[in-house]
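Chain nomenclature is as follows: A, B and C, assigned in order of appearance, with residue numbering initiated at 1 for each chain independently.
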Amino acid sequence: MFDWPTFLFSLPLLGKALLITLQTSLLGNAIGFVIGTLIASMQLAKMPLLRRLGGSYIFIFRGVPLLVQLLVIYYLAPMFGLPNLPPMVAAIMALSLCSGAYIAEILRGGLLAIPSGQREAAHLLGMSRPAILLRVELPQAVQSTLPSLVNELVLLIKSSALVSVVGLADLTRVAQNLASSDYLFFQHYLVLAGIYCLINIPLTMFGRRLERHLERSLA
Amino acid sequence: MPLSLSPSTSPPAASNLEATPKGPDKASPIIHLSAVGKRFGNHQVLADINLSVHHSEVVCLIGPSGSGKSTLLRSMAFLEEYDEGEIHIEGRLLGWEIDDRGRRKHAGRTRLNQARRNLGIVFQQFNLWPHMTALGNVTEALVRVRGIKRNEAEKRAMEVLDKVGLAEKAKEYPARLSGGQQQRVAIARALAMEPKIMLFDEPTSALDPELVGEVLAVMKQLALEGMTMVVVTHEMGFAAQVADTVVFLDQGSIVTRGTPSEVFRDTQHPRLRQFLQNYLDRNAFWHTTTEQEN
Amino acid sequence: MTFDLSIITANADAIWNAFLVTIYTWLAGSVLGLIAGLLIAALMLFGGRPLQRLLRVFIELVRGTPFLVILFLVYYGGPSFGLRLGAITAGVVCIAGYSSVYFAEIFRSGFAAVPRGQLEAGECLGLGRLQLMWRVQLPQMLVLILPSIINMLTILCKETAVLSIITVPELTAVLTGIGTRTFTFIETLLVLCIAYLLLIEITSRAGRWLERRVGTYLQR
């Protein structure tokens, strides 16, 4: 049933693809975090326009399927007479824009939980608004929402399977290519699922441990 | 009714306390506990409990928190598994079955339910079902367990709700009732199943002080009607007035037991005296006056 | 670059059919997923240790795998052991299977949120475990878990877009198909985005409305 030689032969290829998957997910997550911070602070700003903008961003990027976002990013440039974006760039753009919306929602919750007295105190000390956000509020928000952020990373790694549609040679794409060359669909996809699980399950468990740890330290 | 817990005021005549009209009227106990014990890991929660409750008897379990009195009461409904000794309800072993080799194993659901059929239980936290009205709470088991038709069940439920003085609150959801009213609904829910024994687990401990009275009044009425009751309580006044037997537990064992007057007045037992003194210190400002009653 | 919505109206029939396929795969998959999730949660509550372990492993494996990969496994991998499904059926089955583990977790947390005492009270009155689950736990937890369920439904709505990759003729497949055939990406992708935004918005609004309605009967 399980063709071991084929499996062993595919391992180096899958290993290289795994690097691509991790690269896109992690970069997407990092840029998404920056976008998320920006959007979250926009949502908590006093100016109605900023709040409206932040809200719309989240509405759109959480409301449209990631696959459609990818297609838009990939197909849009040629529409304006530009060459197609390199798949890697399109992939990271889509992942970071989308995860930015989710991370913004997570961080907003964390920022709202910080007592306003802290901001006032920092303000009285003469800290600027961005400095307060970066040095006082963000570290606390990240700490209190770390389990959700880890969970978001897991979701992003899973979502990254979709970047195969723009031709990036990630795990899923390589497995697809292998399967269509030797028709061992089930085996290759099983291995593929196994690799994702090997990354995601430990990460999920780590997130759960963080959560328990957090609960205990708050109790 | 005599109610004297304050040693400084003149104690009522012992005869008044013992004049409580009810006593065991049948020879065989309705609940019988022999050598019951329970441990959580290394901690012995209950040790060598021997206790008999007879028909129409009211037994109050008192003791400091952590003494095991709630665990004991919950064991009588097998909500806690006792792991030593035996509890018999109306002669039936509760919760366990003895297999061919004399080892014990969990009794089946039907067997457990048979034994529990005689029991009504009232909890500290009421445990009403918040998504059902008072009436719904009382009718539920009548319909689902006893298989009574809904109309019939509602009629019966209304009678019981009327008995606890809540007929006009029948259509209210628990969240709209005061704690005292909720607990009375909980009592009605248990009573509707016509149990032979009512178990009360600190029924007034979760209530605001001004709501305690209405619940105790219902319980007193039940006792007068001859219901067999086991009550875990911190209301020493209630115990003194209503109990036939007061059992004092400490650290998982029965330290002493007797009639209210024996336990509250005559005891020489140091731990019990200390417990009662603590109670009096806490409640000193009530300073109950002693009324006499024949 | 031009903007010409006539391409949409010219293909209105095809788009409408695609919309129906999206709705069908989404709702059929979700309903089956809800039922399977409830079943899993109930089995984890009442089943023995080995069964619990087994379900736990199943849940973790499905949660660790991308939806697309599950889709590939079932649709392309299925035939290698005799499971031949049409694309739409495979889509429904995958959405159901994928969501079942998430729904199971939601139900499990719901069961746990109903205070134990309420069950003890019912047990003492002679109510059976299933009766308690059906009459006491479910109605209360439905109120508690409604937001999570609605959230999951919106996620699943978006996941249906992935079905286009296994050639299910749903919105994404049909609209991008029209786009590539006629080089009208802007119009088609715009309509596509708006369609999903509308679906998601309607779902979450309906959810909030439902929350208010069922919420009141507990607080009355």
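The working rule: a residue touches a chain if its C-beta (ideal position, glycine included) is under 8 Å from a C-beta of that chain, and two chains touch if they have at least 3 such contacts.
Everything numeric in this text was worked out from a predicted model, so none of it was measured.
Trainee: Which one of the chains is closest to the middle, using the mean of its C-alpha atoms?
Mentor: Closest chain centre to the overall C-alpha centroid: C.
Trainee: Could you work out which chain's C-alpha centre is the most distant one from the centre of subunit C?
Mentor: Farthest from subunit C by mean C-alpha position: B.
Trainee: Between subunit A and subunit C, what's the gap in Å when you average each chain's C-alpha atoms?
Mentor: Roughly 21 Å separates the two chain centres.
Trainee: Quick one: subunit B and subunit C, Cα centre-to-centre, how many Å?
Mentor: 48
Trainee: Provide the C-alpha centroid distance between subunit A and subunit B, rounded to the nearest whole angstrom.
Mentor: Whole-Å distance between the two chain centres: 57.
Trainee: Could you list which residues of subunit A touch at least two other chains?
Mentor: Where subunit A is concerned, no single residue meets two or more other chains.
Trainee: Of all the residues in subunit B, which ones touch at least 2 other chains?
Mentor: Residues of subunit B touching two or more partner chains: there are none.
Trainee: Pull out every residue in subunit C that's touching 2 or more other chains.
Mentor: There are none in subunit C.
Trainee: Which residues of subunit B touch subunit C once you look at their complex with the stated criterion?
Mentor: The touching residues are 77, 79, 109, 113, 116-117, 119-121, 123, 125, 127-131, 140-141, 144-145, 173, 175-176, 186, 189-190, 193.
Trainee: Across the complex, what residues on subunit A touch subunit C?
Mentor: On the subunit A side, the touching residues are 59-60, 62-68, 71-72, 75-76, 78-81, 154, 158-162, 164-165, 172, 175-176, 179, 184-187, 189-190, 192-193, 196-197, 199-201, 204.
Trainee: Which residues of subunit C touch subunit B in their complex?
Mentor: 115, 117-118, 120-128, 131, 135-136, 139-140, 143, 217-220
Trainee: Can you name the residues of subunit C that touch subunit A in the complex?
Mentor: Of all residues in subunit C, those touching subunit A are 1, 60-61, 63-70, 72-73, 76-81, 158-162, 164-165, 172, 176, 179, 185-186, 189, 192-193, 196-197, 200-201.
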